[in-house]
Structure formats: C-alpha cells, structure tokens
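Next come the structures, one after another.
Paired with chain B in one complex and with chain C in the other, chain A is shared by the two complexes that follow.
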Partner chain A sequence: MSGNQIMFVIFSAIILIFSILTVTSRRILRAATFLLIVLISTAAMYFMLNYQFLAAVQLTLYAGGIVVLIIFSILLTSHIDEKFETPALMKKVYAAIAAIMGAVLVCTTLLNYTFTQGNDAAKDVNMNLIGNSLISWGEQGYALPFELISILLLAAMIAAIVVAKKVKTK
Partner chain B sequence: MTFNIYDFTSFNQWIDKTLYDNLPSFWALIIEMTLIGVAFLLFYAVIGLFLVYAERKVCAFIQNRVGPNRVGPYGIFQTIADFIKLLMKEIIPINNADKFLFNLAPFIVIIASFMAIAAIPFGKGLHAIDFNIGIFYVMAVSSLGVVGILLAGWSSNNKYSLIGAMRSGAQIVSYELSVGLSMVTMVILAGSMQLSEIVEAQRNGWFIFTGHIPAFIAFVIFLIASTAETNRGPFDLAEAESELTAGFHTEYSGIKFAFFFLAEYMNMFIVASIAATIFWGGWMPLHIGGWVGFNHAMDFIPPFFWYMGKTLIVIFLMMWFKWTFPRLRIDQLLKLEWKYLLPINLFNIILMALVVLMGWHF
Partner chain C sequence: MNTGIPLEYFLITATLMFFVGVYGFMTRKNMITILMSVELMLNAVNINFLSFNRYLFPGQLEGHFFALFIIAVAAAEAAVAIAIIINIYRHFQSIDVEKADEMKY
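== the complex of A and B ==
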C-alpha cells in the first residue's frame, strides 16, 4: 500500500468510528467533540486531494464556525451531569433498520457505477480563478448565487436582531 | 551539498535527495515528516522558554523592577527551572469533571497552534508547508483553538472556568473577524494568499511602507485584534486573576497547565510572525526600490535574523500593551470590536481596493 492509501484508510476509519460515536454518545458535549473530529478528518481528506481551498473552508465554516456555535449553545443550556436516556429497544431497532437500508442503498449505487480513471493531469486550484468566477456574471460565473446568498444572510441577520431586540415596556 | 545561511532551498533539496536516493519513497517521506515535527517541537520548547523569560523581564522593566536575576547570569535559567518544577507537579484529578474532555482540551489548543506555525516562512526555503491559500489556512486552523478553551471551561465543572470560557469564546469569535479582514486588506495589496509570494512581493519595500495609509490602519487593527484573539492583556478577561482566579484553566495543574501556557505564548508568537510577514516583509531585508547599493548592503544580514528581529519587535509591542493598559470589561471589549474596529476595517478594505486599483501605492 502506498502512503496515500494508508492515510486514506486511517482518515476513513476515524470518520466512521467517530460518526458512530457522535450518535451513540450519551453526553451532548462529547457528541459535539466527536462531530468536530469527523469534520476535521473530512478536511484532511480534502488536503489529501490537494484541494486546500475547500479544506480550509471546511475548517473555518464547520470546525471553527458551526461546531463552535453548537458548543456555545451547549455551554449555555446544559449541565455537566446531564446524560441522555438510552432510547427504547424498538426505537433502536427502527433506527438500525433505517440506517442499514440507507447504507445498502448507497453501497449498491456506488458498486453499480463504473468509475473510469481520467487521464487529465491534476489541475492546480487557482485562487484568482475562484475569486473571479465568484463575481463574474459570464459563462461560468457565480455572481447571482453569490448575491442571493448575501441577501439570505442579510435577512437572517435582521431576523436575529429582531428576535434578540428588547421590547421597550412603557 | 552547499549549506547557505541566506538560502535554505539547496540544503533542503540535498536532504530530500539523500533520503529518496537511499530509502524507499514511503520511508523517506515518513522520515522527512518526523524531522520537521522534531524541528518544530525543539523550536516550540526554545521559543516558549525564551518568551516566558522575555515577558518577565519586559514586565519588570516596565514596572521598574529587576525581574528574575538569581538563576544563572541575569536569571536566564529561571524559566528552565520553572519548567522543571511544572513538570514535577502533581496532576490533580478532578472528581466531577468530564474526564475525557478535560484531558482532551489542552491537546486541541496546542494542536491548533502547531498546525498554524507550520505555514510560517522563517527564511528563504525555511518553510514547512507553502499552500496557495497560506493566510486562509492559518486563519482556518487557528480558529480551532477556541474549541479547546470552551471544552476546558465546561468540562472542569467549575463556575469560574465556565465564565472564563464563555468570555474567551465571545472574544475570540468576534475578534477573529477583524484579524481576517485586516489580512484580506493586505491580500488585496499583495495579490496572493500564498505566504512565500507575499514575502516575495515585498522585495522593493515592505507593505507597511508601500501600502502607506490603508496598510498602516490595517496593521494597527491587526495588532489590536490579534492581541485580543490570543487572550492577552488588556483583553485577558478570560483569565482575569482578580475576578475569575484563572478563568478556563483554573482546574488544570502540572503538564496540562503547561500546555495551555505554552499554547498562549506560541499563539502570540504566531500572530507576531504573521504581522511581521504580511506587513513588514517577513524574512525580506529592508529594501528600498532603486537603491541598489543600500539593498545589497542589507542583504548581508541573513533572512532568518530579519524575520526573528521583526517578530520580536511585534512581540515586544504586545507585551508593552499588556503591562500598560488596564483590563477591559466584556461590554467595552465587544463594543470596541463591533462598533469601531469592524466598520473601520470594512472602510479600509474599500480604501485599499481603491489604492490598488488607481495604482496609488509605491
């Protein structure tokens, strides 16, 4: 096995094990930490593919942003002694069936598809290219989605301010 | 093999070639990674010890004291003695803590700083990883450190720790924005996010001079925001001794406390390095465009010393802040960021874009 394959096996093992731990852990902050490890390992996969931009985005948005938000809300709302109840047996069975069915569906799809190895040389991810296509409205431009997301974010921000604003009582 | 203190590229290539010629490529890679890891560990130990000593001496100087002066000449072995003492301290187990997270937290903090330092250019060819997204990578990995602080505060099961962690989290999350935006300002001027290219772009003058007004505003904002991001005074209300005993690391002792301590100093070193790299040219000697003789004379000082000198000056500035200004309250801290630094920063980005667009820089 080459070094790349060994790394791939290690990272996929980490992702699988910690994904399972995330959903089975009965302490909520531990679950959040396991989720963090899964997300960081996914970023490591992107680094292995030499797509550093996506890896850094994954780290800032998911690991540094969303998980920090989750941890923040846990810090504010839950106490260290709290543990989740173990769910009832029937619920476990249903969940297991749903999970296995999903896994079978994904596996059969993946195994039925024949992957052909491309002969193209690995492309260099050019940051200027990403930046230009984000704001161009030409052929492969992303100006419209970019602006739409900005409007969505603005709306979310205004909504957050309205929710958090104190109502003056006269 | 040619060992050249001005350019490490040939030295690195010599190591690389020797390893790959004599070993299978897999083992050569493993050995290279181990070598770099060991080099960084040694660097961490040396810099950590030095910075603690420097902080105590600077503090003493500002407060009109002598500082450590008993162990060795001028007390230079004081921090080594302190470190040995710290290693021999008992690691106190906490009964009602979440032990797994409690033990994990210091490692997250130190791993985050370890990942960030790998991207810093220490000299020509002395650069562990040189991604084309260099600065973005540093921001991404250094944002992981806050997770360790939050976990440490919560899992200690202690009110002081929790309050400290909450303050620290709010502080880091908001000041990260200013650090990022002031970096973006300089990325506009440099035209690249790759750290080696940013240094190379300052061959004819450091950005703080060539970018004049917007670069200087960005530098001031970066200095304030990065001091806050490393939880150092006057923004050290996460570990405010007078109110919270020690904040998020109240319950830690021995080597685990040493990890937090080391990570704090190394984070200071990292942000100082970034400041030196994107504003003051990193390892690039002081060059003035057109002055060939002067530039040539400056080239005689090895790049590593330029880099180290600039970084140490920024560190001295940050220590100066800590021992001069009184600690801010949390509302003052958030007001400073959201009402002053952020709007100034956004305006500054537009100003920098205008300067670059019109060619008003040197």
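== the complex of A and C ==
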C-alpha cells in the first residue's frame, strides 16, 4: 500500500468511528468534541482530493465556527454533567434498520455502477481561479449563486438576531 | 488518477457517514445533537460532491463550488437553528424535542 492509501484508510476509519460516537455518546459535550474530530478528518479528505482552499474553509468555518457555536449553545442550555437516557430499544432498532437498509442499498448501487473517469486535464484549483469564477458569469462563472448566498447569509444573520432577541415584557 | 485510491472508497465512506447521521437524527431527542447529526449528513454530501468533481470531471469546478455553497448554507442554517433552540429553551427550560409541544400564541 502506498502512503496515500494508508492515509485514506486511517482518516476514513477516524471519520466512521467518531461519527458513530457522535450520535451515540450520552454526554453532549463529548458528542460535540467527537463531531469536531470528524470535521477535521473531513478536511483531511479534502486535502487528499487536492482541494486545498475548500479544506481551509472547512477547518476555519466548520471546525472553528460552527463547532464553537454549538459548544456555546450547549453551555447555555444544558448541564455538562448530565447524561442522556439511552433511547428506547425499539427506537434504536428501527433507526438502525432504516440506516443499514439505506446504506446497503446505496453501496450496492454504486458498486454495480461503472463510473467513467474523466479524461480532461485536471485544473489547478488556486485562489486566483476560484476568485475569478465567483465574480464572472457565463461559462464557468458563479456570480449569481454567489450573490444569492450573500443575500441568504444577510437574511440568516438578521433572522438569528430577531429570533434570539429577548422579548420585552410589558 | 494520481492518488491511487478508487472513487468508490470515497463514496462508501461518505455513504456510511451519511447514514450514521440518519441514525442519529432518528434516535436523538436533544435538539443540539439533532443539529449535529444534520452537520454530519451535510459533510458526507460534500465529500461526495468533491470526489465526483475530482474523479469524473476534473476539468470543471461545479462540485467544488456546490460544496462551497453548501458550507455557506450550513453556516446560515446552524446560526438560525441555534437562535431558535435558545428561544425554545427560554420558553420550556429544556431543549428536548418531546417537551416542546405547544406553540407560543
């Protein structure tokens, strides 16, 4: 096995183990920490696919932003020592059956399908290219989704402030 | 492909991650842990988009930009969801989905 493959096996094992721990851990702060590890290994996957910019975005925005936001709201809303009660057995069984059936279905489908590898030359995804694509339109231009996402972010920011604002009692 | 890893391996990892997220979404009762399961699913989808882009259409950037926009939407979604969760906590003193069973007005 080459070094690349060993890295892939390690990171996918980390992703799977820690994502299972994220959804089964009974202490909420530990679940958030396991989620952080999963997100960092996902960034490693992006590095292995040679998308350095997106891996950096994943590290700063997910691992740095969203996890911190989640941990803040955990500290605001729940007691750290508190342990969840385990979900009812039948609920677990049904959820596991649904998840395993879905996973088996998707895995058999994609293993039976033959993907045709693209032959065109791989693009060097650098900051220059990404920036130019985000502000150009037409072929390979993403100006419209970029503007839409900026409006969405503004709306989400206003909505978060309005929803979380303390209502004055009369 | 220069990495020596077949495309299917990436897709299987992402599939398993996605369905672990589905399992968590169905069994958890705490709203923040449900949000964490949703984040897991979004990440699995991102891995899929990027590996398809790298292996099948290396000369284009559609998957890359779709993943970028998914990350932005996930950030907006997390901000609004946490605002709603904090508001629910104020009304019910709990963020258990089974205890939040009445509307304000």
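Just so it is clear, the second predicted complex is superposed on the first by the 153 of 170 C-alpha atoms of A that agree within 3 Å, B and C clash if a C-alpha of one lies under 4 Å from a C-alpha of the other, contacts with A are read in each partner's own complex, and residues count from 1 in each chain.
The criterion applied here is as follows: a residue touches a chain if its C-beta (ideal position, glycine included) is under 8 Å from a C-beta of that chain, and two chains touch if they have at least 3 such contacts.
Computed from a predicted structure; not experimentally measured.
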Simultaneous placement of chain C and chain B on chain A, clash or fit: fit
Partner chain in contact with A:Ile74 - chain B first, chain C second, else both or neither: both
Touching partner for A:Ala63 - first (chain B), second (chain C), both, neither: first
Partner chain(s) touched by A:Gln52 [first = chain B, second = chain C, both, neither]: first
Partner chain(s) touched by A:Trp137 [first = chain B, second = chain C, both, neither]: neither
Touching partner for A:Thr33 - first (chain B), second (chain C), both, neither: first
Dominant toucher of chain A (residue count), chain B or chain C: C
Least Cα gap, in Å, left between chain B and chain C after the two complexes are fitted on chain A: 14
Those residues of chain A which chain B touches in one complex and chain C touches in the other: 2, 57, 65, 74, 76, 125
In the complex with chain B, residue positions of chain A that touch it: 2-3, 27, 29-30, 33, 36, 40, 52-53, 55-57, 59-60, 63-65, 67-68, 71-72, 74-76, 80-81, 124-127
Contacting residues of chain C [partner chain A, same complex]: 1, 3-5, 7-13, 15-24, 26-30, 32-33, 35-37, 39-40, 43, 46-47, 50-51, 54-61, 64-65, 67-69, 71-80, 82-87, 89-90, 95
Touching residues on chain B, where the partner in the complex is chain A: 25-26, 29-30, 96-98, 100-101, 104, 131-133, 136-137, 139-141, 143-144, 146-147, 150-151, 153-155, 157, 162, 165-166, 169, 173, 176, 192-193
Residues of chain A touching chain C in the complex: 2, 4-5, 8, 12, 15-16, 19-20, 22-24, 28, 31-32, 35, 38-39, 42, 45-46, 48-51, 54, 57-58, 61-62, 65-66, 69-70, 73-74, 76-78, 84, 87, 91-92, 94-96, 98-100, 102-103, 106-107, 110-111, 115-118, 120-123, 125, 129-130, 133-134, 140, 142, 145, 149, 152-153, 155-157, 159-161, 163-164, 166
